[in-house]
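After this come two complexes, each holding chain A, first together with chain B and then together with chain C.
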Partner chain A sequence: MITKEDIENIALLSKLFVPEEELDALREDMQGIIDFADTINNADIEGVEFDNIAGLSNQFREDVVVESLSVEEILKNAPDQAQDHFLVRKRA
Partner chain B sequence: MAKISQLHKLLTEKEISSRELTEKYIEAIERDNKELGAYVHLSFDEALSAADAVDAKIASGEEIHPLAGIPMTLKDNMSTKGIETTCCSKILSGYKPIYDATVWTSLKEKGAVLLGKTNMDEFAMGSSCETSCYGAAKNPRNTKFVAGGSSGGGASAVGGNLAVYALGSDTGGSIRQPASFCGIVGLKPTYGAVSRFGLVAYASSLDQIGPMTTSVEDAALVFDNIAGFDKMDSTSNPDFKADTFKNLNNDISGKTIGVAKEYLEGLRPEVLKATEEALRTFESLGAKIVYFDMPALKFALPVYYILACAEASSNLGRYDGIRYGYKAEVYESVHDMVCKTRSEGFGDEVKRRILLGTYVLSAGYYDAYYKKAQNLRGAIVAAFNKAFECCDVMLAPVAPHTAFELGKAISDPIETYQSDICTVPVNIAGLPAISLPCGVAEDGMPIGMQLIGNKFTESTILNFAYKFEQATNLMKSADWGVKL
Partner chain C sequence: MKYELVAGFETHIELATKTKIFCSCTTEFGGDPNTHCCPVCIGLPGTLPKLNRKVVDYAIMAGLATNCEIARVSKMDRKNYCYPDLPKAYQISQFDKPLCEHGYVELSTGKKIRLARIHIEEDAGKLIHKKGDTYVDYNRGGVPLIEIVSEPDIRSIDEAKEYVEKLQQVMRYIGISDCKMQEGSMRCDVNISVRPVGSDTFGTRTEIKNMNSITNIAKAMEYEFERQCDLLESGGKVIQETLRYDDATGETSSMRGKEDAHDYRYFRDPDLVTILLTDEEIEAVKNSLPELPTEKAKRYVEEFAITDKDAQNLTKYRRISEYFDKASEGLKNPKTVANFMIGQIFSRLATEADKEIFDIKTTPEQLRELVKLIEDGKIKNNLAKTTLDKMLESGKGAMDFISEDDMGGVDEGALTEFCKAAIEANPNAVADYKGGKEKALMALLGNVMKQSRGKADAAQVTAKLKELIG
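After this line comes the complex of A and B, so read on.
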């Protein structure tokens, strides 16, 4: 049984705010989805160790310097920037 | 609905210029997109200059690539330098990538003409295109119906003759299901066949880019030109070379089609009937049908949702309002800024999946959900391996039902997830599958089937699909867009 406190905790980990008035409906939705996910715990088939779907491992490349993007380009989409850096927080 | 090869012929024989062809599509988009909602960003200036460059080549007697000068579109989750790429989410509004996705680099080099970016469920999370922040794409067969999702805009554009072909992405059916709903062809390639570099990540171990077209021939041609190793994607396969186009018309008599009985459960009667008729058609082409059980398939849907949401919760952690996209305006601390940015920027379905993903990865639940789902993924992979010991391809429906009316899907999340039952197993196992029309429902909406192959056997499934298409001729043009 998933509680409202669980939802608040997951929301905090996910960095999402859930308004108080939406908590009950979201809890109900999540309970439904988790009950559905729980069906795998009644699986009557053997699980198999699984590595990765590409079937590849350790894709190495030569350690050579290649052209990269400029600071100006990297900052092009930043909502706020200052002195060639991303600005995380504007001063109040 | 002209094929790419026919348009190529018109271009090289100077019956039409690429500019004229592109202008026809631009005019049609300006007229019909208001109703269809297929496109969310337009790039007409870029399209016309690409068309002019191709025309100049033709004028100078230079040979042009089969895809040169052909107007097309990309799903809005593929990075296009300088052209808005938003995944139809408020959180990426205004974002203009500073580099191109590898698929777009490949096509651009060949002279492709990009008309714009197409509509999708927000971050590809949905099966009806209704979670898009721009509103849903409509089905060109009947605009009261959804186009499907998540690549609904691509299906609507191609089915509605507003693009010759589209690239979509398929994480749990997002190419095949909308293609089926709109009565076109959609190919989900083998995991690792097409580079994912520049595709905005939803669930990285499941995502794959593929073509949406009006014929199997076009799907093969486009696939051959986007597939191949890319050093920028460490999961792309270094050995695979796509050569499907040349192998379309091989005889399939004596070949075996496998049908897993689990795929035939819970279907609408008309979908079951069309699937059975498709099997009869293949028998008439000389193929043998074998039936078997795949009990592992009944866990495919919860396994898919656990893994996809877990990966999404990690992938979408990057949207913090600092480097790109939307940023909350009023906040008190860094934590407050990030939480507000994400809460205001993401839609409800995306938030739901991030929360579920965070839950199944959190301490105390990881083993019960994520680890268990990974092991069942291994069991599903093993079940497909076993199936392909006794057949060349598998045949299955694409969805238990045909396109539904707009607004009829969103209310119950579980019910919505159930409709992905036929498509998700292929992504879990990393296999290729093609969706193509196999009938029409009583309400006039198309019914689709999928042909599933073993890893890197795109050539085989395209060959089977081509044979079926030639034998049935079920592709119908919708009453929208460019008439050629």
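After this line comes the complex of A and C, so read on.
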């Protein structure tokens, strides 16, 4: 059972602001999503090995250095930058 | 009331791989900001992490060296939290299927500090805070770490220090990390609580972060132990919280803002596939491990009749023990090598760092040659000692300082002559000896040794002197 407090907590962890009047509606939506996902719990997995969905395992890289990107390239999509660093500004 | 300390450690160790854990960027320390980065390690959408095989091997080595069971099936999980040092807003770590579990580190008392687990994960970026703004450098982001989690088995500051030293020693021996606390390649968090002596329940614990040396770990634990005891004595309660140790004041203080009950919402990283290990693979890693310091020390004591303390000194750093192993190869009495190393060679190495580097001019082969001369009865200990000093100064071999004549030994006639001369030159010592001072003979012995240039046998000389003085 999803409670209003659960919604508030998830919002906090996700750094989202949710107005009080939207909490009930979101709670109902979330309950629906969780109920839907719960059908997975009812799936019969008797005898199914612990593995990932694609059935793949042991995809490894060798420990060999490849040249990194230039700092210009790395910072190209940064929302803000200064002195070759990503910059997170003080919140107003 | 008397209180007992209860502590456990979480230790992060940076692995000495060439590349990061999920991409091929270099792990080299330093470098200009954000120059060791690529789309994977700055967390751009659509990139695919791929696990570095070496990270798995190094973690298995760490596990085997600390008596862990190695998981045949393991996987990577996402640990979600939002902070600028994590570009993806999650850290790829391991949650319920760590690579290694149920190990232990044995202290010199024989006590075992149990390890709950060792898992692999990625390091975060470096943050520089300036005037409220935060500058982010992701060079360190994605560098491979192992986290070693101990059970709360530690009961004293001394045990804590030895535990950290032992971990450091073992990890350096197997070569998976340089474990430099000052540079951050080894970082310790300690969980600490107190309880009345004799109690078998745990008190409320606090976690101390930010300690960059073993000395600071000891100081921080001491401070925190006293603080908790005082709090309980005065009727207060310990609050579960994360503390920061301040090197300058020697005090711990609360790290506000980190207190909200964390919910990391761990879930499997769907981008990374299962790690499956076979018995053969684990066996191969086991065979590649060098002999570990504890085993080595035991062997030295048992096989070479070296004292426990000397064995500890010889195995403290890998280079020293390797030097000793090489120098004593094929010798009848490796103990002689040990004595020369701990005495004359160690006295030239002033600091622990010097001992660890163990940079000396004399090669193990040269030391072996010198000791062989003693074993073959060609030279006496005294001559060997002075010769070793010259060897250590110059890097030259023993035979550069010892002549054929030196190795001839001293015949009976010459010995008698030397003794007579010594007696003649030291009437006072002779009188003292006759007056009952055994020690006075040392002056005469020294004189004979000088005349014979260290070739004479001390026991023989003493007997001869006594005979002549009568």
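Simple rule for what comes next: the second predicted complex is superposed on the first by the 77 of 92 C-alpha atoms of A that agree within 3 Å, B and C clash if a C-alpha of one lies under 4 Å from a C-alpha of the other, contacts with A are read in each partner's own complex, and residues count from 1 in each chain.
One rule holds for everything that comes next: a residue touches a chain if its C-beta (ideal position, glycine included) is under 8 Å from a C-beta of that chain, and two chains touch if they have at least 3 such contacts.
What you are looking at is a predicted structure, and each value in this text was computed from that prediction instead of being measured.
Chain A has more of its residues touched by B than by the other of chain B and chain C.
In the superposed model, A:A82 lies in contact with chain C only, and not with chain B. With both structures placed on the common chain, the touch criterion links A:V65 to chain C but leaves chain B unconnected. In the overlay built on the shared chain, the residue A:S57 is in contact with chain C alone; chain B does not reach it.
When the shared chain is aligned, chain B comes close enough to touch A:L16, but chain C does not. When both complexes are overlaid on chain A, the residue A:T3 reaches neither chain B nor chain C.
Legend: residue contacts after superposition of the two complexes on their common chain; A:I74 is shown touching both chain B and chain C.
With both structures placed on the common chain, the touch criterion links A:D29 to chain B but leaves chain C unconnected.
Overlaid on A, the two complexes show chain B and chain C touching the same residues of chain A, namely 13, 15, 50, 52-54, 56, 59, 61, 69, 74, 77, 86, 88-89. Against chain B, in their complex, chain A makes its touches with residues 2, 6-7, 10-11, 13-18, 26, 29-30, 32-34, 36-41, 43-50, 52-56, 59, 61, 69, 73-74, 76-80, 86, 88-89. Taken together, the chain C residues at the contact with chain A in this complex read 17-19, 24-26, 32-39, 42, 44, 50-54, 56, 73, 75, 80, 82, 84, 128, 131-138, 260, 263, 265, 268, 270, 272-276. Listed in rising order, the residues of chain B touching chain A in the complex are 94-96, 98-99, 191-192, 205-206, 231, 234-235, 237-238, 295-296, 299, 301-303, 305-306, 313, 317, 320-327, 331, 333-335, 337-340, 342-343, 346, 351-352, 354-356, 358-360, 362, 368-369, 372-379, 381-382, 413-414, 417, 429-430. Residue ranges on chain A touching chain C, taken from their complex, read 9, 12-13, 15, 50-54, 56-66, 68-71, 74-75, 77, 82-90.
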